[in-house]
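Below is one structure. I have some questions about it.
The first chain written gets the first letter, and so on, giving A, B, C, D, E and F; residue counts start at 1 in each chain.
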Amino acid sequence: MTDLVTFGETMLRLTPPAGDRLETTDTYDVQPGGAESNVACGASLLGVDSVWLSKLPKSPLGQRVVRELRGHGVRTGVAWADPDDHRLGTYYLEHGGTPRGTNVIYDRADSAVTTVTPDELPVAAIKGAERFYTSGITPALSPTTLATTRTLLEAAREADTRTAFDLNYRSKLWDPDTAAETYRDLFPLIDTLVAPVRDARNVLDREGTPIEIAHSLATDHGFDTVVLTRGDSGATALHADEIYEQPAFETETFDAIGTGDAFVAGFLARRIRGDDVDTALEYAAAAASLKRTVGGDVAVIRPEEVEAVVAESGDEISR
Amino acid sequence: MTDLVTFGETMLRLTPPAGDRLETTDTYDVQPGGAESNVACGASLLGVDSVWLSKLPKSPLGQRVVRELRGHGVRTGVAWADPDDHRLGTYYLEHGGTPRGTNVIYDRADSAVTTVTPDELPVAAIKGAERFYTSGITPALSPTTLATTRTLLEAAREADTRTAFDLNYRSKLWDPDTAAETYRDLFPLIDTLVAPVRDARNVLDREGTPIEIAHSLATDHGFDTVVLTRGDSGATALHADEIYEQPAFETETFDAIGTGDAFVAGFLARRIRGDDVDTALEYAAAAASLKRTVGGDVAVIRPEEVEAVVAESGDEISR
Amino acid sequence: MTDLVTFGETMLRLTPPAGDRLETTDTYDVQPGGAESNVACGASLLGVDSVWLSKLPKSPLGQRVVRELRGHGVRTGVAWADPDDHRLGTYYLEHGGTPRGTNVIYDRADSAVTTVTPDELPVAAIKGAERFYTSGITPALSPTTLATTRTLLEAAREADTRTAFDLNYRSKLWDPDTAAETYRDLFPLIDTLVAPVRDARNVLDREGTPIEIAHSLATDHGFDTVVLTRGDSGATALHADEIYEQPAFETETFDAIGTGDAFVAGFLARRIRGDDVDTALEYAAAAASLKRTVGGDVAVIRPEEVEAVVAESGDEISR
Amino acid sequence: MTDLVTFGETMLRLTPPAGDRLETTDTYDVQPGGAESNVACGASLLGVDSVWLSKLPKSPLGQRVVRELRGHGVRTGVAWADPDDHRLGTYYLEHGGTPRGTNVIYDRADSAVTTVTPDELPVAAIKGAERFYTSGITPALSPTTLATTRTLLEAAREADTRTAFDLNYRSKLWDPDTAAETYRDLFPLIDTLVAPVRDARNVLDREGTPIEIAHSLATDHGFDTVVLTRGDSGATALHADEIYEQPAFETETFDAIGTGDAFVAGFLARRIRGDDVDTALEYAAAAASLKRTVGGDVAVIRPEEVEAVVAESGDEISR
Amino acid sequence: MTDLVTFGETMLRLTPPAGDRLETTDTYDVQPGGAESNVACGASLLGVDSVWLSKLPKSPLGQRVVRELRGHGVRTGVAWADPDDHRLGTYYLEHGGTPRGTNVIYDRADSAVTTVTPDELPVAAIKGAERFYTSGITPALSPTTLATTRTLLEAAREADTRTAFDLNYRSKLWDPDTAAETYRDLFPLIDTLVAPVRDARNVLDREGTPIEIAHSLATDHGFDTVVLTRGDSGATALHADEIYEQPAFETETFDAIGTGDAFVAGFLARRIRGDDVDTALEYAAAAASLKRTVGGDVAVIRPEEVEAVVAESGDEISR
Amino acid sequence: MTDLVTFGETMLRLTPPAGDRLETTDTYDVQPGGAESNVACGASLLGVDSVWLSKLPKSPLGQRVVRELRGHGVRTGVAWADPDDHRLGTYYLEHGGTPRGTNVIYDRADSAVTTVTPDELPVAAIKGAERFYTSGITPALSPTTLATTRTLLEAAREADTRTAFDLNYRSKLWDPDTAAETYRDLFPLIDTLVAPVRDARNVLDREGTPIEIAHSLATDHGFDTVVLTRGDSGATALHADEIYEQPAFETETFDAIGTGDAFVAGFLARRIRGDDVDTALEYAAAAASLKRTVGGDVAVIRPEEVEAVVAESGDEISR
């Protein structure tokens, strides 16, 4: 029985070794990555029965993606495309310490998923599921993915499958105004909204404290739950008219990419289990802090590890 | 003073470690590769002053390409494109022993070079050069590259720069009939044609022995020189109504990709120096055999090494 | 719907880099390996819906095994053991060219699987399956695995699931006489016997040509099918009183481990599809030749590749 | 002439690359590690003539251990066991930043050393030595190693070789009560006790400040010297009724494993040289801080480096 | 048109992996490094048209150096030496965290450059250039390089090419008194002096605050500009009787080697562009902070990155 | 008790990965290598108690050499030199398949060993030994090493320690005439001469068949034993007026460097054990064939492996 269905693009992530630059490296570490598969994988490792829907070229590259997700325990509902006309998106990721920062170069235009239609996907999987999740990246990819996103959200609504949506605004995909318009069209179909406060301010034009923003979003769009993330400063949630504040856990960062997806995976894992928002929020923050110690997009983290962080005893050598 | 100008696409080549498969690997070796830059680099290392013309995204990925070519001593005449709209092509290369063979997956559609026009390029470089080289890949990339190829060949013709063209038929880019039609349109602008016998047969519809094919091509299209390559079986050249036969040198293959480009680089290096076709042919075959011992697309080979092979004394430890 | 169920031990395989020795290396390549999971994985990649049954410690090491198998598309029916008392077997593999040969050191004593009982396993999976496969390694591991092997074979027999058994004699696990006695006890439950001719001679005390040995085994034990493998010299099969001879395909060996399992995977894949023994035998030999070009225990090979070898056109660069 | 003899188990340590997890990695760094060989190696590199006694399988894996120790300058007194019945213990080590911490999985049951008896070992080496060292891990491995530990300690006592013992409590080997009982039986044979304060509290049931605990242990068991370590907070020693306090030196940790062994190696190196406890304690703390900058179990550190840290001038580039 | 000419030695730098020690490693990362080529490369990447003058053995090792510099966009004016009598210098670099520090072992005696004379070099390049740069390492290498350094500085002076000189005192090459004497002989030929305050104190025997030292040096030797660097504490400049203070930017250090050269490259890049000393100083400090995040001697840093640090917005993920 | 003492230079060997070239690589595999330590290590691994005499800089680089040799079980008698004035020789090794061949660049001038005098070495070790070995490389390094070689050979002669000498002519160290003169001066001190037939012809000016050359050398110089090696064609020995012919064993070459040293190690191992020349010759040839399958200069080969090759059963997987 499926707990969670996610839908979105997964790319090959190409990363040079630490200290190397994209313009000089001769080696990449390669690994699939994408917000919605990151959430599916992270949730699966935390005990959630997860399905990921997408479209891939029927080639070793598409198989590379499926293998990784299956390894994390995710079932895949893939529309296989002719590899002669459909490519796999890639993204180049260069880690750098302060003050250099991390640099990402996307090469995702015209990837197979930009052509995915609902009839190519096992949409029925959504019907039996507890939750459906996608993010603001997916509708930005193409008019077709926007239409498909809407159709899948409607399918969830009809099936009483609760929906979650992470704003995930990407300035390289669209401008804030276009994005905001699309978001607003989709919001009526969303139960739980997750968003960085920064995006709520810059893209959704909200002002005030996180608490004020959460209230204003919930009021305007009727969300059941709003979760605003603030990076190192933690997260603020609004649910059933109650506000929850959660600080971030201390962490030594090895790879920051995927932190937000780990947060969502942890949050949904606990909500699907029936836990309250405050419990889920703490679990989400702990999962996010653990993710940063692991290389790659995916939070390869087990429930007992998250629980140990929550119980504040995760930093000893056990032997 | 420039000896050789080449024009064409260079991609990032992504290769898993030996024994790994594209569908399972977590690492790529990365290196730029492309027929025309391979020829420019190989010729440069053999002492030819070479320039490569192309178009690249102005990004660390485009810089990665330029760095590699400069390292080989090639000067680059690059039209820099906005990296937000123009991508760098990539290709995935999986080596495999018999009976698996080598597998190549191209991801080159819509790369920056497909939009290159003559006015973006330092075409004047062709004017002072001895030779201009491009291959049958370039006109296959887009109508724009076809037009630009024709314009550059015409510029060479006007400048009395001799032209060389490697058929390099790629079935993943176009079908034989379309290719043949384009080839025939460009042939009047070509002095030296290099082609695999196989492509002469399958694409140009030639029949008979290599000698017969060379004669028929020269007769039909007025080439100054025709060189037909036969892989392990060597090469056949026709020039000034004389036939030259060159067997292949024995070689232990580490990386077969780029063998044909090494052959052309060796051939042009000697012709530019003023050597006869038979001398150039032997040098070309030796360069090709050496290339196969080196990883990567480029023949990182020095003149004294080619000469040692020609002199049949290249296989001892020198110490 | 399940096509194939296999049952057996999977270990972590630890391999130094090429040219290094176990007594000097500082690095291992690590990958799960075991005859029955190799067959399940190989068959899965060739299109067979496969399930693997076994017992593992509930630890990151046990998860490492499950991840790999899932990546190959295999479903896993695992009895999870307390990692404080149950270990994962390992094996150290050193490749060496002639005359050094390959060296294997097993460290498999007391692994979790030696305690596996039928009630811990989802035996029902066998009931709906086309075929059940295990090898002569499994009953050698412990009296418990011997008993469980027998029970699973009986379950298959009762369910009309056809059974296949690879002799896989391991001199480091038991002596020939003990092995032969156990084999003979299990043979009445076996439909298809696969065995190296060498083991048939040395362990089962058979004499004569492969054809004579196949006949004598079939006569004595009532096998539906007998397949005798002869390494580089190919294989001989007996089925329905007919003899089939299959030469080995030429291959450049990167990693010889798992060749026999690839052969079995290919054979079963075609038999499950309903093909005749001669077709399956040729497919098996092609899969085995391809396996040797790939690193690791598992034949990461796709159906179109096997078909290309059978059609004798697998050794060109496709581009 | 031998300064130091140690006795204990050495395993192969298997470590994934930084940022990788045991459940996903395809590579291990491999290196021998064990408390008593770590002390022997660390002391040897600090100028102490050291011998290590143990039992190993006579195989490339056992040779791997001996090679590493010899490389560090240690002489080995090894009882070689039949590799068909005796295995080498291994341990899997996963480093992780805060809050993940370091995870260790031991696979040491039934290793060759668990069967070692005094008559297999060159016990005479203890007779001429200055010091004999073993740790609380060794008697926990098996009744046989407990008996052998006792015999070797008695041999040291008879030979006027001073003995040192690090409590090294391992909860995965035994429970606190059993451990404490064994410790108390061995304590009369010990001159210098080293113990983490934490273990003194939890296993030996001591209460109070480190100073109070040191006094109570010395009083109860008649130790010549007691050293209590407190991680980042330094160490406290009691000797000849005097208390010495030593803070920890600042350090950037690359690999924390083996810090305690480096401390003991540094302490014994100076005590063997005839230095006082306070000098030895400072040297020990400096060696421990340096060890954390080096990968692997062993403190690959030279005397001049320790002296530079003591002299507070170790952090400049020297060129 | 050339902006900057530098002259000095470049060696192969050999570095073990992080956490490994020179006495145990089996692998080196290899990359050319040398103060004057580091400055040429850094400046080139920041948009300066740079030429590097030196002498190298005509061998693959000499070519290795040229390739790297060309990759960074530097043109090379190399005197090629017979590799049978002339070697390439190397240096071994071991990174270590606190308190271990970084260790450098030079193996540069008798390298080809120690024999370089002005007539072997394209000295004319200096004539058309904006600036000429060398450092205090070059005259320390041999009497020949001292004489050549002087000749090149004189050539710059005559050509109205402004000169810059980094003190770069190396205690492994000469003692402070000999160095100071040479420096003082060369100072009349220098326009811009860069020096660590520490060296100004210890080698040039200056006392007082950085400001006092800058004034005293300018007064005594008539420098147009004096820049004194103070590591983490920033830099102080004196120009046209005005003092400029620049703090260091915060940085996470991956590789500290080459920080000073990055500073000089940044400073000269802006001065060549015509910017004021204060602008150049800030740019220099930002380039230095970025360099520390990149592996290798060379500051592989682009202008927009330096500008982003100056604008204090360089530490976000851009996507 | 010492069986074998060797004397000579050991360098750091720097090797790029397979398929890479010295002019492009960014990585070296590093490992000590030198003819006389190769022989000492190879013999030690074959059961011979071996000592190696030499001089090294007292630095991590010198320690790197000692560690490796100790790991192979060799005791080292090292004269430690001040690392500020004495360097460690290095050599760059590039493997290449046919027709490229292997390339070696020596950087050994002025290494510490060129200054070694007998009084710095534990010459007494030779007195108790069975055999003393050095090669024609050592006297070529400097007048000092020539004098020391002579002194050590004389010490052996006086002590009735039998001497062996491998011609090992290196054209990069001296010319044939100078070499031959030195050889002839040393020959009266040599019992066993090993030489490639090629060197016997080109350097010692011998003509005729190997048998004729062996006889003429023995007659002229009074050798007890002469062994002439012929690469793939095997070896010819003359001893006590009898001729022995030994073909080479078939081998798949991974690393050809050190083959001759492995041959000598095998030969001496058996002669020291008291075996006849024919037995030793076969063992030597088997050891040489095994060496070629192992990376590095040293024959990491155990006696049972050599014996298996001699018994022609070494090429199976044992499991």
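By our rule, a contact is a pair of C-beta atoms (placed from the backbone, for glycine too) under 8 Å apart; a residue touches a chain by one contact, two chains touch by 3 or more.
What you see is a predicted model; the values in this text were computed from it and never measured.
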item: Co-neighbours of chain D and chain A - touch as defined; value: C, E
item: Over-half contact-pair match to C-F, picked out of the listed pairs A-D, E-F or A-B; value: A-D
item: Of B-E and B-F, whichever chain pair has more C-beta contact pairs; value: B-F
item: Longest centre-to-centre distance from chain A, chain (CA-based); value: F
item: Approximate Å spacing (C-alpha centroids) for the pair chain C, chain D; value: 44
item: Inter-chain centre distance, chain B versus chain D - centres from mean C-alpha coordinates, in Å; value: 62
item: Touching two or more other chains - residues of chain D; value: 21, 23-24, 26, 67, 71, 103, 172
item: Contact graph of the chains (line, ring, star, complete, other); value: other
item: Residues of chain A defined as touching chain C within the complex; value: 67-68, 70-73
item: Contacting residues of chain B [partner chain A, same complex]; value: 14, 21-31, 59-61, 63-64, 67, 83-84, 87-88, 90, 92, 94, 103, 105, 107, 109-110, 172
item: Interface residues, chain D side, partner chain A - complex; value: 18-21, 23-24, 96-104, 106, 170-172, 256-257
item: Interface residues, chain D side, partner chain E - complex; value: 71, 249-255, 286, 289-290, 292-296, 300, 305, 308-309, 314-319
